[in-house]
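Heads up, there are several structures right after this.
One chain, chain A, links the two complexes that follow: it is found with chain B in the first and with chain C in the second.
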Partner chain A sequence: MSLSLTSFLEVMPPLLKAAVVTVEISMLSLAFTCVIAPPLAIARMIGPWPLRFSVLAMVEAVRGVPPLVVIAFVYFALPAIGLTFNGFWTGVTALTVVGAVYAVDIVRSSIESLGRGQKEAAQALGFPVWRAYLEILFPQALKRILPPLTNELANVIKASALLSVISVNEISHVGQGLIFETFIVVEIIIQMAILYLTIVGCLSVLSKALERRLAH
Partner chain B sequence: MHTDSNVLLSMRGIIKSYGAFKALDAVDLDLRHGEKLVVCGPSGSGKSTLIRCINHLEEPESGSIAIEGRETGIRGGELIALRRRVGMVFQQFNLFPHLSVIDNIIIGPRRLKGLARAEATNRGMALLERVKLADQAHKLPSQLSGGQQQRVAIARALAMEPVLMLFDEPTSALDPEMIKEVLDVILELGQQGMSMIVVTHEMGFARRAADRIVFMDKGRIVAGAPPREFFDNPSHPRLRQFLDNILGH
Partner chain C sequence: MWDVLVRLIPSLELTIKLSLTALIMATPIGIGLGTLRATLRDRSFAARILDSYVLMVRGTPILIQIFAVYFLLPLTGLKIPLYWLGVLALVFNSAGYQIEIARAAVNSVPNGQWEAAAAIGFNRSQLLLTFILPQAARRMAGPVMNELSQLIKASSVLSVITLYELHKAAEAIISANFRFVEVLIVEGFWYFVFVYTLVMIAQRIEGLFSASGGLAEQR
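Right, the complex of A and B next:
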């Protein structure tokens, strides 16, 4: 087997374009995950029981099925109730849901590990319990949340490859297409791997930097 | 309901149990404005539970608690309002470790009373001055000694301008050398007229600082008297035994 620099360069432009789509979908999913997971986790811990039960049910349901099934569900089943997404937004929605259910448990267990004294101190000052969770316990738990959350978000980024089944033009779909079109195989696979590594690597670097800032 | 305007806190028939264990067995307790009350007694006698019932960190099963004649024991908004008027200092300090000393102090006034940062910081610095820690304002709690952390915790509670301060064994987690600096702050606070209830084993402090000392055993208040009478003329056999045990060596 010999690698050809010409082949490598030939497939680079379309793969880079696909990488932009992967990055867009990933960034949006990650951002939405980070926004919805903390309130869901707090609802799961101290919400009124219907809310608690709903979040619990969602977490258990989504955790119990492969991400591919979640993607297929959003793409094929949600239109039945009037929610129609194109491939791109199917990806964002499905990956947000997948990311959020894992993040909910990470946030919950991190907050619960803080100990009862912190919650009591906030309550004794006069914080209503949900504000104590949101404004005092959650920011404090961030340091514990970040490392496992980074792992989970890396999984979400990699799960974006599954969007190839609904023809979203992200790295995996475009890569597969190029292989069948050009019969260049190894160069494409190596390039796909490098692109994923770079994206996940950026996330790790960002997370490490945040973690250092949260040192307390 | 008490109509005596001099009564700050009035507790009647407070019962609290954990399973079969009666932590509080029909406790009555009154506190006057400006009064400094020390609560002592053996472990498990209900001292901490008693003061934790006052700001409803523990919910009593029955009985009534009134502050300035207004009955508490409610939920929601009134409970929050009550907690803002009652400061609490914990055995384990419970400072917020991710916030600097000054931010620990001003987070309550800023978030709960809507004070502007500059105003809250000014007041916070004055409080730090009072507990003699103004030079530590920008450190994290973990960079302070236990005694310093507890003084910050006192300043944090004072920042909400409470009418009553509750101290739950404030020196029990401290190195012996740091106990005095914390007790001195509490003593001074009392001299300035703050109403307070202090759960403590520090009998020297009780003798000097308290207007009245109550002794608890098995979920009941079994004796209560001003310090001199409390120590020199213990009225209850269990109290005599307790004092012998802790003062006897």
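Right, the complex of A and C next:
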């Protein structure tokens, strides 16, 4: 096992291009996750029972199976109901589902940890329940949501590696292809690890900064 | 649907074997190293090595870790059967997470406990084994069981190195008959049952541990 700088540089351009795809997919999934998780969490808490039940069922079902199964399901099921996405958007959809179900529980438990007083005060002031949740409880819970949510979003970025099984050209798919093409093994694996560490690292730096902002 | 359910049982057994073997190997390593890490100064050399190992495990996808084990270990000339490559990849991953669990649990034992035990005249290793670890174990029990359900889910990724576990077997059936909805639901069902059984056991264990909480437990 010896490292060579030339091989390291040789595989760099395709891997960097793949890293862009990973970042794009991750950012889109993270954005969608953050948009749909709070309403779903509120629906899970105060929605009419059919809605409450279906959110609960979806969350429990997805949390109980590996992300790979979710990816396979979205990959096969979307075309079956007439939605033909390319690999990229199939990946974004699957990762959003995976991220959102975990985020729903994070949002819910953070809101529930606030204490009854806040909710009761909002109701006493005449807020309808859903507005109390959206405008009073949710903003307060944000501070508690952020650290576990960051953790989960990092998991989503890491799960994006699994999209290689549906041939999305992200880091691990391209890296795997390069290994078999060039037989440069060590350099490629190290480089893939560095790329993921960097992307996940950026997320945690961003979240730390946001946490500080929220703390004031 | 019934035939798929039955056909997947052998591969479910492999999934169970893989994840349990990995847990049994990873837990002593993780708890040992995590406890060690909690007693080290942050700037010491060993602490830095452990920290970078944990950072690497937590910062990269399990897929990359599996690639690393699968491609790199054979380069060293060792001939390791595929099954054990899979187990090793899971152990590498899980030990990293468990170091973090054990470190946090040991650190969460209040300082007064260390001081009290030291005041009675226990030396450092007795103190760790008889005072701190039993208290920390209570806090570790839940997260470690949770780690097992993560391991089960992670073991599905071993399908990429053609280990014939539950997900690989399901994929094979799908490519043979294209009854993907059925097969994926059955596959999901097996994972779900396995994972939730463990979650329930984990909650029981957590309950047991906290019910027996002694004087030392701060509430």
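Points worth noting:
Simple rule for what comes next: the second predicted complex is superposed on the first by the 215 of 216 C-alpha atoms of A that agree within 3 Å, B and C clash if a C-alpha of one lies under 4 Å from a C-alpha of the other, contacts with A are read in each partner's own complex, and residues count from 1 in each chain.
Simple rule for what comes next: a contact is a pair of C-beta atoms (placed from the backbone, for glycine too) under 8 Å apart; a residue touches a chain by one contact, two chains touch by 3 or more.
Note that the coordinates shown come from a computational prediction; the quantities given were computed from them, not determined experimentally.
Shared-chain residue A:A193: touches chain C; no touch with chain B.
With both complexes superposed, C is the one of chain B and chain C in contact with more chain A residues. Contact with chain B, but none with chain C, is seen for A:K143 once the two complexes are overlaid on the shared chain. By the touch criterion defined above, A:P38 reaches neither chain B nor chain C.
Within the superposed three-chain model, A:G117 lies in touch with chain B and out of touch with chain C [touch as defined at top].
Using the contact criterion defined above for the overlaid structures, shared-chain residue A:V69 touches chain C, although it does not reach chain B. In the superposed pair of complexes, A:F127 makes contact with chain B only, with no contact to chain C. When the two complexes are overlaid on their common chain A, residue A:G87 makes contact with neither chain B nor chain C.
Touched by chain B in one complex and by chain C in the other is not one residue of chain A. By the touch criterion stated above, chain A contacts chain B in their complex at residues 117-118, 120-128, 131, 135-136, 139-140, 142-143, 214, 216. Those residues of chain B lying in contact with chain A across their complex are 55, 57, 80-81, 83-84, 86-88, 90, 92, 94-98, 107-108, 111-112, 140, 142, 153, 156-157, 160. By the touch criterion given at the top, residues 1, 61, 64-69, 72-73, 76-77, 80, 154, 158-162, 164-165, 172, 175-176, 179, 185-186, 189, 192-193, 196-197, 200-201 of chain A touch chain C in their complex. By the touch criterion given at the top, residues 55-56, 58-64, 67-68, 71-72, 75-76, 152-157, 159-160, 167, 170-171, 174, 180-181, 184, 187-188, 191-192, 195-196 of chain C touch chain A in their complex.
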